[in-house]
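Notes for the one structure printed next.
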Amino acid sequence: MIPLDLDAARKVLAAQPFSLLVGARVMVFEPGRAVLMLDIRDDLKQQNGFLHGGVLAYAADNAITFAAGTKLGPEVLTSGVTISYMRPASGAKLEAEATVTYAGRRQAVCRCDLIAISEDGARTLCAVAQGTVLAVG
Amino acid sequence: MIPLDLDAARKVLAAQPFSLLVGARVMVFEPGRAVLMLDIRDDLKQQNGFLHGGVLAYAADNAITFAAGTKLGPEVLTSGVTISYMRPASGAKLEAEATVTYAGRRQAVCRCDLIAISEDGARTLCAVAQGTVLAVG
Amino acid sequence: MIPLDLDAARKVLAAQPFSLLVGARVMVFEPGRAVLMLDIRDDLKQQNGFLHGGVLAYAADNAITFAAGTKLGPEVLTSGVTISYMRPASGAKLEAEATVTYAGRRQAVCRCDLIAISEDGARTLCAVAQGTVLAVG
Amino acid sequence: MIPLDLDAARKVLAAQPFSLLVGARVMVFEPGRAVLMLDIRDDLKQQNGFLHGGVLAYAADNAITFAAGTKLGPEVLTSGVTISYMRPASGAKLEAEATVTYAGRRQAVCRCDLIAISEDGARTLCAVAQGTVLAVG
């Protein structure tokens, strides 16, 4: 297992064209925890002006994969993710904070909070997710 | 409940800026079933050249919501989605086919197949999903 | 990988004290598919006279594990299961039918239908589940 | 909505024959949180001597439903549950602690920790779960 640091994690994200398309950034990458952030741009919304659920699902999926990577190393494969939507997400930014609840040799399990942040910094928990990530090779 | 048809479903999708961003189209919209399609463009990929898992999650989420809408009407709220990744998705197109396994007055449950289609039309099941959608109002 | 047959699968189930407690039987065990059955006894119910959701969850979990075992061999570890409840389950018997949607070297993904069967043989789909199972060793 | 207290919650559990069969008790029932406990009896195990995954799934399902009930009132319907298994559960007791992450008028979302407790009181997180519960009527 090659330990990764924040710079290495940012290079991985920068190598994902879809993450560039949605404008995701790695804010935190430390043992057992990763935080991604993106701006709630108009082109990421659904028909009622809220952030599209698919963007929340992307952010949960990717934050969970990165959090698992802090424990399993860079070669990982996301096995599955469950997301439960709670409130419509609006405001300035979306933060996806994933924490590792278990990491073994073969797999890691993570939980993720999806938090909308308004212009004035108010934080609203909009969805929660849970996922399993496998170590590869 | 206002019955929707394919044209109305396409108008809903066209009103979702994020669906336009990823280039999704509604191919089928009939009682109990909806099919979305998108091109596997380079800007939708992850760092290894495969379609990003977040795009698969978006497609599952949206196809499940549309399939539920064929039974619950246009005012729906996706409660939760689980996606299990099986194989990396590559090729020309991604198809998300969602079918309703149950629809009551309050909620619908759907399953979704995520299928990558190669240039020559070969189909590969890459992920499966399951989700619950609530009727609103 | 040691191929298992129906007799071997029945011996595995018979070695699970909890499966004996709830009275589960293996009905089908063939490549890519396993069916478990149990009687909807009074002591398996919840407060309204329906089969307890926990029994449905047990049946889904175990049927998925057995179905995966038809492809991965006997040494497996269930990674996670999602169950969506649709209708209350009542009647004479519960059938849990799991099918493998993907099996690789490391993991298998399965779907499961939970079907209540009345005294006169009418079948009602009460819940659907999806799960991932890992090969061990 | 009729507020429930610990005694009322214990009466609901005592009215569930399956909860009596597995020996579950309500330990905590307060706004936003419920804790169930059961003894890891031999007849609740699988073939390798660990607590059967189905018992963990039952405990998660029921603790999530009770936690939601602290916010939604007694008339609730569990919509779906996802459980991720992490470590085999053994020892003296299993604790299922569910907390409400969101409760609205129509639904609640809960997370649950499944913790095995050894004879000497050591606690091991064995599985995590997430679920959605609907308010009825």
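Read from first to last, the chains carry the letters A, B, C and D; within each, the first residue is number 1.
By our rule, a residue touches a chain if its C-beta (ideal position, glycine included) is under 8 Å from a C-beta of that chain, and two chains touch if they have at least 3 such contacts.
Given the structure is predicted, the values throughout are model-derived calculations rather than measurements.
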Seminar exercise, completed: Chains in contact with subunit A and also with subunit B, listed by label, are C, D
For this session: Please decide if copies subunit C and subunit D contact each other with the same set of residue positions, more than half shared, or with different positions, and reply same or different.
Result: same
Problem set entry | Which of A-D and B-D has more C-beta contact pairs | A-D
Seminar exercise, completed: Cα centroid separation, subunit B vs subunit D, in Å, comes to 32
For this session: Could you give the separation in Å between the centres of subunit C and subunit D, each centre being the mean of its C-alpha atoms?
Result: 21
Exercise. How far is the middle of subunit A from the middle of subunit D, if each middle is the mean of its Cα atoms, in Å?
Worked result: 27
Problem set entry | Residues of subunit D engaged with two or more neighbouring chains | 79-80, 82, 84, 109, 132
Seminar exercise, completed: Counting only contacts in the complex, subunit A reaches subunit D at residues 82, 84, 86-87, 101-102, 104, 109, 111, 125, 128-132
Exercise. For subunit C, which residues count as touching subunit D in their complex?
Worked result: 12, 15-22, 42-47, 52-55, 57-62, 65, 77-85
Seminar exercise, completed: Within the complex, subunit C is touched by subunit A residues 79-80, 82, 106-107, 109, 132, 134
